[in-house]
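Read the structure below first, then the notes.
Chain lettering (A, B, C and D) follows the sequence in which the chains are written, and residue indices restart at 1 in each chain.
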């Protein structure tokens, strides 16, 4: 690289004087940034690239991602050579060379972009764009694998901060809670206040220190004296509030991921367990931790299976129990995505309730049936192990009995749907 | 892995009940942690490993690092195979497999350890141990390369937070500033106060959000009306304070790295430039940014070169100028480490002063001579580029002239020392 | 007082054990509290009284205020005696006795109530109740004078804290801003965001440290490039935002007092001047500080004066100018309350605009006319002094001319309305 | 007051332009400030007075306090008149006039000075000056009574904030803790750390929101498993730390008032009780709250009483018990000032220990004997009531017995010392 090229990339003070945007296109800027000396300031070059990206249309972005996939890929020839050397003699210098070559330059590019204060959120948004393009350009998956690899490091649980979300939280955070709630829509600020302000309601979110204005995931909790069986009753304006000191049960009734660009980086398991710990510490008399969860795949599965949806609540519940305990997706995994999440965390299927979600969406996806998953602290480790080992689905006895009463014409077939 | 093995690794709630430490040794714990399901809680296993490490003697730690180097290394056979597949057809699945195999399992181990809240500082301390063992066990360099790779991601500049350090900072931070000051020792709390409390003194440190009690690097700054030429005068108890609004010059008179475990992860360049920006914004009348720096290698070089140390201040200064501008270390790099740092950042050699550091250490390392490096915002990018391109050392005209007057018997020889 | 009586009053730990409310009525509790030893804990007695008050109906409250007026009044006989003694010989002991007697016991009662953490807001609410009862019970004015005396000390400007109100402020504060806005109603959270989030909008409130969740007064500010003449244009959803660095003018378009119980404790003057200082410091290019204010008394005055409201905007403006400059209330004070406030602060009448407030309320109170008061920093002290000295109303030349063109049939009469 | 006089007082913007100090002397500035219109800005006048005071020598300050005592005193003639009117007919207007006249103008002056942000600390320091002058000028007590009256309102317990003081507190606060410790000197920052950092040590201070950098009073607490009997053992570098969860006893071993200017405004009682509550909440297993207190008056009393100081520890203890239970100061109050404080709060004399304070000061004032006062939550209200009612001193049975064994030649005489 010539002096002049490096110069352009290192004019850190330019922003304070000229202000004219860097005229180069995204690929040129990318090359310049990756090639800049490790010790160089580089801030302005990264900023220029981020600004350019922010101003680009979808086509330009797609072209850039394609450039990253193809032009900033591994150098397989050099890597093969370095690997052979290392396989022969594992000396540190050989390892250094191998390590350097086994990572495509686009990873270093992303790390350098992230040196700009505030860039993390932009990189997350960038991956959201990328994910939306993959269906039409599967080759971009390679770029996504690198993003994902970096994000797993950056959003490591050790770096996340749990914050309670209350009615005293900043409004610009709360409006994001309204926007990101993906399970039971928040209809207004008044609706939000009803979920945050009462003493028997809690909400917690994970944040990353570099994105302090952006929740990553949040969970809404109701403190109750029994395991609830209706989301509308739970959220009713007229419900009777209780003193948190009287609660015996914490019900997780909504968990929402907030960042499309962090798809596949899972926070939910850590969130639930951290919240369980915090609640146990603050309210030791709470001994039961359950969810009140949707069963998003129930109606679709019923339709595929050719089953008629029963009118009778008891039959609906039995059908739902059967679906949760028996219907499989890929391999031994449960077909239902919410079931996969909670059972994978070590929860068990505790109870199902017909008529539990009378909203349009609730009726459409599960005929109004909802389920409680129970986080039984004495059994969670064993449940988790068995689930991952051979797909065993933990369930209460009642649920096992109930599932057997499901009106299934041809059981064998549905098991392998 | 059997159900039982996974079970042991996932008893997240154990800590809150039993309390008995996990009896397994570090290698067993490491294997169990790396093999635990990605989605598993794992917190307790990581905690157990960290606790075990904390309690281990040096021998046990060395054995574990050796285990990491040898047993948690790359699987070169599988990697060779995956690479061949990918080289043939760069499809996403092949890339995923290649990516997974091109990283040794010890990297994933470190990421999982870091899932424990508060673990980051422990991992940094772990690497400090490791670095101290490498002279006797060079094979551990491979492990260190992986630590370093991860730390470069985790301590990416975008994640660092600049905080002013003042007399109103928490005492437990300030005692670390006293302990970590590596250039001009802080002798007492009163001495510290003299460097922090006056309106014409500043101090700034970088912190990482996961290590809020541990500064990573800090710089001490004096606001002055001229470029200073004596560290004792600058730090004198009797010096006249000035109103910051009258200052024309910001002098960086001490920069200290705080974490041995972050050796090689460089923050200094970013720190200086961020502080320059912040000072420019708050005190726009300050137009000159210089250092008052030690020349740690001067006397050693004089001795090696067979030169006699002159009594005369002017001759001392000329010799120092020659050393800074001409004496080379590896390749075209300056021999002096502090010079390498500032010149590599784009600064220039501005002036030298004899009798500038009359402390024992100052006399010993450089016969009392000190140097000002100037961060000239109009020339910094060019200086930086030329330095990295061909080793050109930027210097003021006075310094170039002065260096020529150095009492050098045989100039050619010294240039290649 | 018997041991037993004092005992009841000092059972500070009761709340943590028994929990049964103190059965005594407000007057008994008041006597016990006032008579408790100065050094006694007393917390529980004060808490009991506050709880009792909170649970009381209006009748019980009225009876208690009457008790305070009559039974906790000055002891005029003892005071007369103490005064005579002091008038004869002003020795410290005589002064101490006089001072103690010249304050009615209800003041000490209020101070003791305020020893309970969090009680300040309750005392402010208490005075709001009291004020609402005074029209029917004028004797309670004596109690109010004591409240007011205490509140002037407690809410001394030196104890107030100015806080910016932004879209990042806590929601429970923002909902109070919505509720308390008294000039131009905030219709929704979206409306609020439009007033807080844009870079060219500001809002500031005074808080008292003991009432951190309750704004006392707030002002809304628009940064503009000209003196605005229409509130609807200023608040329009479609308005063009400007960069704050381009603003030349800060327009105070709404000032609202929040606490009925602090009526007569004036904060507005301090608030405006503090905000002017802060804006000058942060945005030194802003040189003009004006209001866009309602003229609440204009139509009522027109009606009383027997004037017909003109259709013509110019005539409306002239009439408004005349009203602001000539119509008097009590003594030499302007009749218009908003005029009294700003002129009393040292502002001048700068301009009037017809069609400036087309809301129902704006049309009703002032036929849509609004006024700009100008805070001219070079003239504010003189304006203030002349206004308070002889009632001189400062006004721009244009306004003086305009007022002369008002369609007034008999000028003399209106001047003394 | 002429326009010109008011003008001078209200030039609030002057400070930002001219900067020349107001040339008037303190009395003139005082008159101008008191006479300025209530609604006027006044900030600059108050600032000028505060600046003038800060720059004044002791003589000028004394002259000003004398001016306040004599020239800003009550107008007894007008007050007599207003009182007569009110005594005849208690109408609100008469009350208003009486209330206004029954407060000397120097009180309003102090309130107006306090309108300047940050002035509160200056007013507190002013009173410290004043108190130091009273021995030579007793007439100034009248001024002090007014200061004290205002400060009782301003520093009302409801406005105070309890903050833990830890090793993570700001250094500029901690250096004040070192400076203000009045009971057991803190010798160095290391000594301070030993009192703050261990998990079984606590420290709490009251702050006023307007003086956030100045503690008002603080208490140091040791968490222990028994009632301690030696301050040197309690503070020993080599002592064994305990887990706070194991503590049964909280020992208050040092309470220091920090502000001379707040003499007579008592915070200690509130502080102890608040700390007891907070500790009970956080560490419910702690059931015993005691002090380890000096007996500052013991040796002086022994000397006055003509008693020989015994060599024998048991006799020393008996003598101390007798002194604490029997020796009287004014009226029925105990002679010992620390005893007066704790007994007045409702504590009881629990135990005495010879050889408990082997420092020079400890030997000098009490021959090394110390005392534990016990805050027994079940008896505190009763103790408090009886103490204030008839001077009954609560004590453990052991102490009563011990006091009887004191080697007293003529008991009757000492009781009335």
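The working rule: contacts are C-beta pairs under 8 Å (C-beta built on N, C-alpha and C of every residue); 3 or more make two chains touch, one makes a residue touch a chain.
Remember, it's a predicted structure, so these values are computed and weren't measured experimentally.
Undergrad: By label order, what chains touch subunit C and subunit D together?
TA: Looking at subunit D and subunit C together, no chain touches each of them.
Undergrad: Could you tell me the distance, in whole angstrom, between the mean C-alpha positions of subunit A and subunit B?
TA: That pair's centroid distance is 35 Å.
Undergrad: Measuring from the mean C-alpha position of subunit B to the mean C-alpha position of subunit C, what distance in angstrom results?
TA: The separation of the two C-alpha centroids amounts to 56 Å.
Undergrad: How far is the middle of subunit A from the middle of subunit C, if each middle is the mean of its Cα atoms, in Å?
TA: The computed centroid separation for subunit A versus subunit C comes out at 49 Å.
Undergrad: Testing understanding: with touching defined as stated, what is the shape of the graph linking the protein chains, line, ring, star, complete or other?
TA: Contact map by chain: ring.
Undergrad: Provide the residue numbers of subunit D that touch subunit B in the complex, in ascending order.
TA: Result: residues 167-172, 174-175, 189, 193, 197 of subunit D touch subunit B.
Undergrad: Under the touch definition given earlier, write down the residues of subunit A that touch subunit B in their complex.
TA: These residues of subunit A touch subunit B: 1-4, 6-7, 10-14, 16, 37, 39-41, 43, 73-74, 76-77, 79-80, 83-84, 86-87, 90, 92, 95-96, 98-99, 102-103, 111, 114-120, 138-139, 141-142, 145-146, 149-150, 152-154, 156-159, 161, 209-210, 266, 269-270, 273, 277, 280, 344-346, 377-378, 380-382, 384-386, 388-390.
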